[in-house]
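In the two assemblies presented below, chain A is common to both, partnered first by chain B and then by chain C.
Presenting the complex of A and B:
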């Protein structure tokens, strides 16, 4: 990092670029979550939608189709400039995930809290991810969304973290939030945690570089 | 949620409810997207206790979504598209007794009843007489019994029930039933689906049903009329259907006579027959072949024309079988539930993996469940429900597990190049083969002749240590003991005749007198009892100190005969005692 870059970084003139990988099984709500975070939805920074805008977001959510391969989305927060890789969760595309591990600075892992049956599949994919050579030794922050908390038979975020054995992740910062991607609930809280983690890790890195 | 050892960690344990209260067979389970939301449900015809509690149950994920009462025991259940309406939601057909109950959106929609069978005329007459009050129940019983013995048309269920009653119940039964006409119904034993005209995944399907009356019917899915009727030599127990009704199809049916029949579109009679050595338990089609599980704990593969391909022996009796098709990975295999709490996966005759289960598995169903294509659903004897999901990374290696030629056999040996000499020799042999063979045969004959001559000479001059004489059959061997110059010579003489003793024999030695001195160069032999071995000992002194040895000849002689009976040559060892001195 050049001195100028650092300066502009400190002064907040140029936002730091971070790559976020959004993973999870198909139909878990990854695309829906990212759509909520995108600037087109101005309301997303304001938390849950106000009543009169609800129909807008809902029609948008209904347009979402299963992702093929992956999509790249960009959006900015107050301090960071995000590039999100919205990966397809279908089993035939899951082998694409690992090609993006190296470049990513954070991972968002989305779980459908209503899909009890496939919790083992989510766990299997998560374990494979955490044991991958490009992830294993890194202190990369992982944000979990226990999505679809609005469903009648949804499991609580505590139950989800139990079933995924998240307590076994000791060498990476992680956090789990219950969310409802359609209404945008719970997303901001998770994103705040992620920003904080990224800020911390860059600080650490800079210390190390000096 | 652990990987169990023997299946090599290929399956994820998604769900196990040991007390789900689900009692069913593979034929009464199907997977279908019943809501049109891309999520497959599990539809089960639950047999309950076998006499009550029969239910149609639908599972979504790990939860029971709906259940409704079934009036009779289900014999089979299939989900199928009966029309072209949008959204594409399949109907469910449950076969029980002589009827098929069709459910749409899980609501009863239509009931189809099989046509009645021909009724015995005599039986009809008898009941007519009962109705008119001409005969009493006892006479009725007698008459029905005699009809049952002779008739080629079997009795109706009503008459059979009547015959099984005690005297006291007969009156009441007759009063209750006599007004109704007699009907004879068959029951459905198995059910399948057959695409009508397209092979599309969501194409309209006909129902194919097998009945106790040994018939197979194909039903039109919209009008529920019988499109085709075919006859079998025996009652079907399970079947597999492939193809399209309007184009070409093939129905493979296993029957209660232990045979498998293959029906084709052109004919209402079986086209091929597979005769099994024991009864079939399950039938699964894999590609173009049929895999049959038999009661003799074997799994057998046949072509679609009934030609036997292979047979493999299993470790326990087969309880149930199902196909494992994973089109996205081009994978096809057969799942076999065994009585020893194992579910084995076979590709052809090769065992790919074994799943151990806590209870005996009574039904298996593999396919898309929820949003997962590779889901294995099993129910157990104790009413449990088990769901396993095939790992995305699971691979089954097609190792030939049956003992056969060792692997080394197929390794190519590093054979050296042919030399010029080898090539020349080969050419020579090829050109002069006949001459070489003749020369060889001639030499061989010469050799044989020479051998025979020598043998005859030896016999004639009694040069052998065996006597061929018929009157004095003798055998002798000699042992030399000692280092020299003194040797002990023992001659063991045996009369090999069956019972006749030999008399008047003597032993004489011939030797170089400048070399050896013998204590008794002539000995008389006493009477030789047959069978016994007589040792005769004598001492030989070597008189030379030059370290040389010679042959001592032994003769067994008969008094009054000039030629010896036996001759033996003893190679004397070199005397070592002399040199020691």
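Presenting the complex of A and C:
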């Protein structure tokens, strides 16, 4: 830790670090979403995108391949410093998600709104997640992205939340946003909600600790 | 002893290693901080170090705990601390095989290997390849191909080396990267070029033609990297060896041309390759030896070491080639690097003359305490070889060895010395007493059970026959008081031999035995009780049979016979004569092509060649009821080399029968032989009673047929017989390509060489460690003596050799070695005649215009004595 970091920590300037777990079936667009959030974030801090950065962000967009295991990405919002664990969604790797439940502060659950066939699979995975012993009793915020809303036969976010029976989630704050990860639409809105929730829950925690 | 332990404890307690007393469970507990945010790189680094340390110490991690620690570690990828990340790579590699689901880091590593941070890229590739299996490899193939041709040398090298590791697992995938590897092979970086060549070679090594092409290409175009050159030299010499290519081959020219390379490493590699080639002529060797000679005076210690080490090896095969370097080697005797000095001296000992021995030994003793055990063993081996070459130098050597024995040193070193002293004692009777005295002193403080028991056995064998046997008793009895069970038991056996040999020592030995009967260990007590009872009988024959010359049966055979005995309830006592005899270890064990059925026996007691035959023959129904196999001969060739059919015969002797085993090979690829038998016509009253044919004898697959013969019952003296042999069979011609035989066949026959049965087929070798005692035991009831003149024999050595091979008996007391410059000699032989009769022969030989020989034979059976004398005459 550099001296400046320490200083800013003392002065309360340092951004709070939160761990976010990004889950969802394979091909739902998790990695694309995280990648979108990342360069946007850089441009905030480094000023307007340099030519070089544009190039990098483009190649990154092109080069997205199915994730094997997970990837860690970091970006900052106005008040938080996010560390996102972008997990792979292929069925054989889903049982590895649980290794990372305990230490995460929030969950982003991504759904491919165009994939009606596998909506039941998504629901099943979601239920397993919510019933997991490391998640069940926690008021951990869950942000849903009904992704790929640009597809012609995409379901609306309302339809998606019905199919997943989100109204049954009573003990955790949740929110659903329609999104288009390729264009970056809807992402910021979701992130703002998440930021707020985390701020609240830490306040609550601090009250409880006192 | 106790003192030594204290010292060790002190050393280990010195606490120089902070990781010394790590507890696995505590470390795993600490690893939980990997889950904390924010990450503290310094602390995490320290804990990872501990984990890796434990793993490298061989600590066992259970799958669950390893997996838990591994997944905790994966979280550290969020830190951008370079050192921490590289430690993660190391951890991944170490845990790849003990944690589950290590593929979880695949994407993270792929990101690092394609990222912008060069320090991450190489190590990430290496870690990624450790966790990737064949199915996953396809997913990263694209990245691997790119990495192989990457501009950054460390990335390219990592990718090449990792590919090389993966060749074993996924040859077919890695093969597709050959073009990239070719490109890397023309890199300017010496390491990249070397690694690329390594990968290319391993992809092709099973295809000799491809290897040859590759060698041609690179030897012509030349390479930048000296490492790659060294590799080319190794590949070339391997290929030369495999193809048995002559030294006129271009490959040899290439290797020789490397002797003129600018780089010393390449020059050394070439020289070393040449001197290690089989069948090198002196002329071919000379240039290689002369570059090694140059290196001997190099200012670089590593070069001097390499050169002298190689010369040391060459000296064994081509001592004369190394003599040219003697002067340079002399200069190295005083080298400040003791390893170099040791090798130089031991090389000189191999090549030098007898006169230089004393000087060299003095030189070496001045620093022997400074060199490591490994080199001390080299010195001992050189001494051992020297003793054989110059027996007269044994007193110098013995002195030196006894000093070495007193020094500190590990087991291998001590064993080498003890073995060397024992062989000197055996070769030179005059050195016996000094040698035994040194060994006695050694066992007074010897921590190696194996060596102590070995020496005690030797003392028991040799001690009683020295002029002053009583002086050894104290050393032996001290062992009974102070040592472990195994050593005590060996000491008791040794004591018994003194009591049996020396009447005046018997009373005191009996007293000591009495004390041993109260030992806390079963084996020691049993031995003492047994010997006590035997000794108290005061009968020479008993002593000889039970104390001096132990059992001479085959141990696996004894086990089988006893097992058989317990299966059939009977009133009869167990008969030792039904147990096959041990074939003495002196008969060389040649590897056989025939044995197939065995190898299931525990390793420790490898069955002898005869045990294997016994089992094979017992599985043939016709040969059941022949009793135990008494003796199997060495194979005799019954055909000339390179004939259509190759046949060799092994004679198996039983109590009343002989079985002739014919191992046949058909070398014609257009014939299938069937119903193969060897018909035998005896010259004497031997009776052929059965043929067991080989049903099929296809091309180049050996198979055996057998002939069973009854020995003449009425005439026990008919020990020799000549059989004329003819192989008879049905031929079916067949297609040489498919091996498909014709429907019809025709009978044919093939005449073989005669098979001779001689007296040696009826006698099995038995080693009597104490021949004198055995001689007394058998007694002179059936003793006969005769004198013969061997006019055609010129030397005692020749006479001794002839008698041994003719009678097929075991020379005892090393009497097969005729001392130099003697004109008389006594040869003593022991054996058991068919039917279980102990038989001993003493031949006094005198050299005078030919050799005269007085033969005395003793046996427990009269006819045996006659048979032997008759056959010698």
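The criterion applied here is as follows: the second predicted complex is superposed on the first by the 176 of 210 C-alpha atoms of A that agree within 3 Å, B and C clash if a C-alpha of one lies under 4 Å from a C-alpha of the other, contacts with A are read in each partner's own complex, and residues count from 1 in each chain.
Just so it is clear, a residue touches a chain if its C-beta (ideal position, glycine included) is under 8 Å from a C-beta of that chain, and two chains touch if they have at least 3 such contacts.
Computed from a prediction, not measured in an experiment: that's the story for all the values here.
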| item | value |
| --- | --- |
| Contacts of A:161 with chain B and chain C, given as first, second, both or neither | neither |
| Partner chain in contact with A:180 - chain B first, chain C second, else both or neither | neither |
| Touching partner for A:188 - first (chain B), second (chain C), both, neither | neither |
| Touching partner for A:123 - first (chain B), second (chain C), both, neither | first |
| Which of chain B and chain C A:103 touches, first, second, both or neither | second |
| First (chain B), second (chain C), both or neither touched by A:94 | first |
| Partner chain(s) touched by A:113 [first = chain B, second = chain C, both, neither] | neither |
| Set of chain A residues, in rising order, touched by both chain B and chain C | none |
| Chain C-touching residues of chain A, taken from the complex the two chains share | 17, 19, 67-72, 74, 83, 88, 93, 96, 99-100, 102-103 |
| Residue ranges of chain B touching chain A (in the complex, touch as defined) | 1, 12-15, 38, 61-63, 328, 369-373, 387, 389, 391-393 |
| Interfacial residue positions of chain C with respect to chain A in the complex | 35-38, 71, 74-75, 77-78, 101, 103-108, 110-111, 136, 139 |
| Partner chain B, residues of chain A touching it in the complex | 25-27, 91-92, 94, 115-121, 123-125, 128, 153 |
